[in-house]
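These are the structures, in C-alpha cells.
The two complexes that follow have chain A in common; it is paired with chain B in the first and with chain C in the second.
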Partner chain A sequence: MKRYLPYIIAGLLALLPLAGLSSYVMHILILVIMWAVIGMAWNLLSGYCGQVSFGHAAFFGTGAYTAGMLYSKLGISGWWGIPLSVIVVSVFALVIGYICLRLRGPFFALATLSMGVILRITAENMVDFTGGDLGIMIRERSWVEKTWYYYIILAIAVGTFLAVKQVMESKLGYYFVAIREDQDAAESLGINTTLYKTIALVLSAVLTGFAGAFYTNYMGYIDPKVVFALHDISIVTIMVVMVGGVATYWGPGVGAIIMVLLAEVIRSIPTLGTAHQTFFGILLIVIIIFLPNGIVGDFAKLKRMLGMAKT
Partner chain B sequence: MSSVQLQVFLQTVIQGFLLGGLYALLGIGMTIIMGVMKIINLAHGELMMVAMYIAFVLFSAFHMDPYLSVVIAAPALFLLGVGIQKYLINPVLKVDSILPENQVILTVGIGMVLVNVATIVFKSDYRQTPVDYSTKAWYLSDFWRTSPIELSLSLPWTVSFVIAVLITGGLWFFLTRTDLGKSIRATAQDQDAAILMGVNVQRVRMITFGLGSALVGAAGCLFIPIYYIYPDIGGQFTLIAFVITILGGLGSTVGAIIGGLILGLFESLTATYIGMGWAPVGRFIIFVAALIFLPGGVASLIRTRKFGK
Partner chain C sequence: MPFLEIKNVSRFFGGLAAIKSVSFEINKGEILGLIGPNGAGKTTLFNVVNGFYHPSRGEVSFRTERISGLKPHQICRRGIARTFQVVKPLQRMSVLDNVVASAFLRAKDRAEALGIANDVLDFTGLADDRDVLSKGLPLGKRKRLEIARALATRPELLLLDESFAGLNPAELDASIGIVRKIREQGITIMIIEHHMKVIMAISDRIVVLNYGEKIAEGAPLEIRNNPQVVEAYLGEAQSA
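After this line comes the complex of A and B, so read on.
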C-alpha cells in the first residue's frame, strides 16, 4: 500500500479538476503544488545534503526571467522557458555553487542569501536587458481556465517527487546524507564532496527554476521584487520545508498546504491581513523549538504531545 | 586629475569614512555575538530598526534629541536581546534536529515578527525625525580661507561618527579592562576552558547577546538623524553587518572596525563612480571577494603580519 501511495495521491490530484472547483480553489491548489515543488527542490539540497540555502529565490527568479525574457525579447511563448530554464539555471547554479559551496553551514546560507539579493539588484538595475522595476508582462494568456495550468504544475510536481525519490534511493542519495551528517568523514571515505554538493545544488536549482518558469506563465507578470524576493520566496521556501518536515518525501507537500492556506486565511481577515508575517514568524519559532524536524519528521512526537494534552 | 575631480574624490572618501564608522559599530555588535555564541544573528538589522523606532517615538512624544535617546534605546535593546537569548535561542540550542542551522532560521523568524509588528504599529510610511541641524554642514573654507579645494562635512554625520567612535572606545575599555569583559573574551576564545575557569557561560551569553543588541541599538539612534526609517529598513543592515563580520574576520572586534571602514569607503566610491543603485552590489562583491580570497578576514591578516598585539 505504502509503495503505491504516491501514485494514488497523484491520481486523486489529477481527478480533482473534474469536480468542478471554482477558479479561486484551483488557484490555491496551483499555488500549493507550486510551493510543494520549490519545497521538494530545496529539501534535496538543504534537507538531504545539509547545505541550507537562503537564496532559492535566485533560482526561482532565474527560471521566471528565462521564461519572461523569451517572451519579451524574442517574442516566443513563455512556455519554452520551462525546457530552456534547465540550461540557464544550471549555468547560474554552477557559478553560484563555485562561489558558495566552498563555504560551510551558516556561511553557505548567508552566501546564498546574498546571491539572491545580488541577482535582484542586478535585475532591477539592468533596465535595458530585464526591463528593470517595470517587470515583464505576458500580454496573451495561454488559457483563461486554470485546468491546464493545474495539470502542467501537477506534472512538474510528480516529476519532481519521482526525481527526488529516485535520487535519494540511489547511491547519490547516500552520498548526500553522508555529506550532511559529517562532511569531513564523507571526504575521508573518498566521496568527492564538492562534486556531489554541486550535483545537489544544480538539481535543486533546476527544479526550482521549473517552478519559476511556470510562475511567469501562470501569473503573467513578474518583476525583480516579486521573483527574487528574500522573504516572500527564499524564506517561505525554508518555512514550507521546516513546517512540513526536513528530509522527508511528504514534508514539503504538507508544509506547502499549511503555508498557502495559512497565508490565505490570514489575508482574508481584514484586521489581521497586514500581520501575516508575524504569524509566519511565530509559527517558524514554535516549529523550531518544539518540532525541529517538522510535522512529518516529528509526527510521532506531535502525536505524543497532542495525546498528552488530552489526558 | 582636475581640482573638481579631486574634490569629488576626497568628498567621496570622507563620506565613506564617516559611513564606515557607523558601519563599524553595527558590525561589532554582530561580531561579538558571533564570537561568543557561534551563531549568526539574522535579526540584527531588525533590532536596529526597533531602536530607531524607539528614538522616533521619543522624539515625536517628548522632542527628545535622537542622540540623547541612545541612553534609553541602548538599555532597552539590551533587555530585548537578553530576553531573546534566554527564552528563544537557548531552548533551540538544546533541541536536537537534522539541520544545525536551526538557530539561524530562528533569528530570521524573530526578525520577521519584529518587522511585521513595526509595520502594524507604525504603518509602512517613511518617517524621520526633523531635527534642525539635519541639513547643517561644516565647510573646509570656514577653517582655511585660502584652501584650493572646497570640502563639506554634514554636521549630523560628523556628530554620529564621533559618538560611534566614543562608544567603540568605551566598548574596548569594557572588553579589555573589566572582569565581565574579560570573561566575554574568554568565552569567545574557548568555551570549555572558560567554564573550567569559573566563568558563568550562560550568563555571559545572555549579556553578550544583550550587549550586541545594545550596540546595534546605539547605531540605530546615530543613523536616525541621517536616514529616514521604515519597518523594512532592518534587512539591508543585517546584510551589511554580516558582510562586515566576514570581511573583518569572525568574532574579531578590530576586524569589524576595519571591515566597517572598508565597506563604507567602497560603498561610497561605488555610489559616486558607478551609480547609486549599484552600491548594494558593490557591497556583495566585497563580500564574495572576501569569502574567496580572504576567508579569515582582516583579522587573519593582522594575525599573520603581527600588527598590534
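After this line comes the complex of A and C, so read on.
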C-alpha cells in the first residue's frame, strides 16, 4: 500500500480539476504544488545533504528569467524556458557552488543568501538585458483556464518527487546523508564530498529552476523583486520544508499546503498589512521548539500532543 | 619495496612542529603499533597519512605511489582506511546504513553494497544492532562501528586510532579478536593505542613518538626495555 501511495495521490490530484473547482481554488492548488516542488528541491540539498541554502531564490529567479527572456528577447514561447533552464540554472549553480561549497555550515548559508541578493540587484540594474525593475510581461497567455497550468505543474511535481526518491535510494542518497552527518568522516570513507555536494546543489537548483520557469508562464509577469525575493522565496522555501518535515519525502508537500493556505488566510485580514510576516515568524519558532522535525517528521509526537495517539 | 613509507615527514602548525622529520616504514601484513605520550603527534601522523593534512615537509608513499598531497577520499580509494579517536558515526543513520554508505566505494549497486555491509557487520559482531540509529550505540560498539565502516571500504592498510580506549574488559577482548581476524585476512594495520598490554600483545613492531620525534622503533620486547622509551612514556613501574 505504502509503495503505491505516491501514485494514488498523483492520480487523485490529476482528477481534481474534473470537480469543477473555481478559478481561485485552482490558483491556490497550483501555488501549493509549485511550492511543494521548490520545497522538495531545497530538501535535496539542505535536508538530505545538510547544506542549508538561504538563497534558493537565485535558482528560482534564474529559471523564471530564462523563460521570461526567451519571450522578451527572442520572441519564442516562454514554455521553452523549462527545458532550457536546465542548462542555464546548472551553469549558475556550478558557479555559485564553486564559490559557496568550500564553506561549511552557517558560512555556506550566508554565502548562498548573498548570492540571491546579488542576482536580484544584478537583474534590477542590467536594464537592457533583463528589463530591470519594469520586469517582463508575457502578453499572449497560453490559456485562460487554469486546468492546463495545473497539469503542467502537477507533472513537474510528480517528476520531482520520483526523482528525489530515486536519488535518495541510490548511492547518491547515502552519500548525501553521510555528508550531512559528518563531512570529515564521509571524506575519509572515500566520498568525494566536494563532488557530491556539487551534484546535490545542481540537482536542487535545476528542480527549483523548473518551478521558476513555470511561474513566469503561469503568472505572465515577473520582476527581480518578486522572483529573486529573499523573504518571499528563499525564506518561504525554508519554512515550507521546516514546517512540513526536513529530510522527509512528504514534508515539502505538507508544508506547502500549510504555508500557502496560511498566507491566503492572513492576507484576507485587511487590517494586518505587512504584519503578516510576524505570523510566519511565530509559526517558525513554535515549529522549531515543539516539532523540530516538522509535521511529517514528528507526526507521532504531534498525534500524542493532540491526544490522538492510541495508547 | 615498503608497503607504506613515511619519509622525513614534518608537519607544522604555525611555529609549532607537531611532527619533526619522522621516517619509518610499514611492511605488508604486519601490525605496527604507534605509541607515545599525549601530544606526541600520533594522530597528526594519521591525519597526514590519511590526507587530512598535507605534510609541511617530506612525503608519504603507498606501494610506490606518492600519496601525500592527495585528498582523503582519493587515499581511501587507493586502499587506506582509518578510524577516528573521537568517534564520528553518521548519527542519524542506522548502523547498517553507516556501513552501506562506505561500502558503496567498491560496490556497483545497492544490492552489492548491502552484501558487503552485512558481511562486515557479521565480522565485527554488530549484526544484531544493524537497525539501531548509530547515535544510540554505546561507546564500545561505536568504536567497533568505526572499524566496520573502515573495513567496508575494502582497505589494504587500516589505521586504527585508539579503537580500544574506554572499553570494558569484555569489549576489549572482542576488539582484540577482531583486529587479529582482520590481520588474518591479509590487511596491514597501523594502530595507535595507550593500552600497553594490548599493544605489546598484538604488535609485530612498535614506533614510539615523543614531542613529534621518533625516539624508538623495534619489536615489543626491545621497546619495553629501551631506556629512552621508559623515561619518556612507560615509566619505571612498567619496565620493572
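Everything below uses one rule, namely that the second predicted complex is superposed on the first by the 305 of 311 C-alpha atoms of A that agree within 3 Å, B and C clash if a C-alpha of one lies under 4 Å from a C-alpha of the other, contacts with A are read in each partner's own complex, and residues count from 1 in each chain.
Keep this in mind: a residue touches a chain if its C-beta (ideal position, glycine included) is under 8 Å from a C-beta of that chain, and two chains touch if they have at least 3 such contacts.
All figures in this text were calculated on a predicted structure; none of them were measured in a lab.
For the composite obtained by superposing both complexes on chain A, the positions of chain B and chain C are free of clash and fit together. After superposing the two complexes on chain A, the angle subtended at the C-alpha centre of chain A by the centres of chain B and chain C comes to 80 degrees, rounded to the nearest 10.
Of the two partner chains placed around the shared chain by superposition, chain B is the only one that A:His231 touches, whereas chain C remains out of contact. After superposition on the shared chain, chain A has more residues touched by B, the comparison being chain B against chain C.
With both structures placed on the common chain, the touch criterion links A:Thr193 to chain C but leaves chain B unconnected.
Of the two partner chains placed by superposition, only chain C is touched by A:Ser170; chain B is not.
In the overlay built on the shared chain, the residue A:Val32 is in contact with neither chain B nor chain C. Contacts of A:Gly281 after superposition on the shared chain: chain B is touched, whereas chain C is not. Of the two partner chains, chain C is the only one that A:Ala185 touches; chain B does not reach it. Put simply, the nearest alpha carbons of chain B and chain C end up 8 Å apart when the two models share chain A. Taken together, the two structures place no residue of chain A in contact with chain B in one case and with chain C in the other.
Taken in their complex, chain C has these residues touching chain A: 50-52, 71-74, 76-77, 81-82, 84, 88-93, 97, 100-102, 104-105, 107, 109-110, 113, 149-150, 153. By the touch criterion given at the top, residues 39-40, 88, 91-92, 95-102, 104-106, 108-113, 115-117, 119-120, 235, 239, 242-243, 246, 275, 277-278, 280-281, 284, 287-288, 291-292 of chain B touch chain A in their complex. The residues of chain A lying in touch with chain B in their complex are 46-47, 50, 52, 54, 99, 102-103, 105-107, 109-111, 113-114, 117-118, 121-122, 124-125, 180, 230-231, 235, 238, 242, 246-247, 274-278, 280-282, 284-285, 288-289, 292-293, 297.
Taken together, the chain A residues at the contact with chain C in this complex read 169-171, 174-175, 177-178, 181-182, 184-193.
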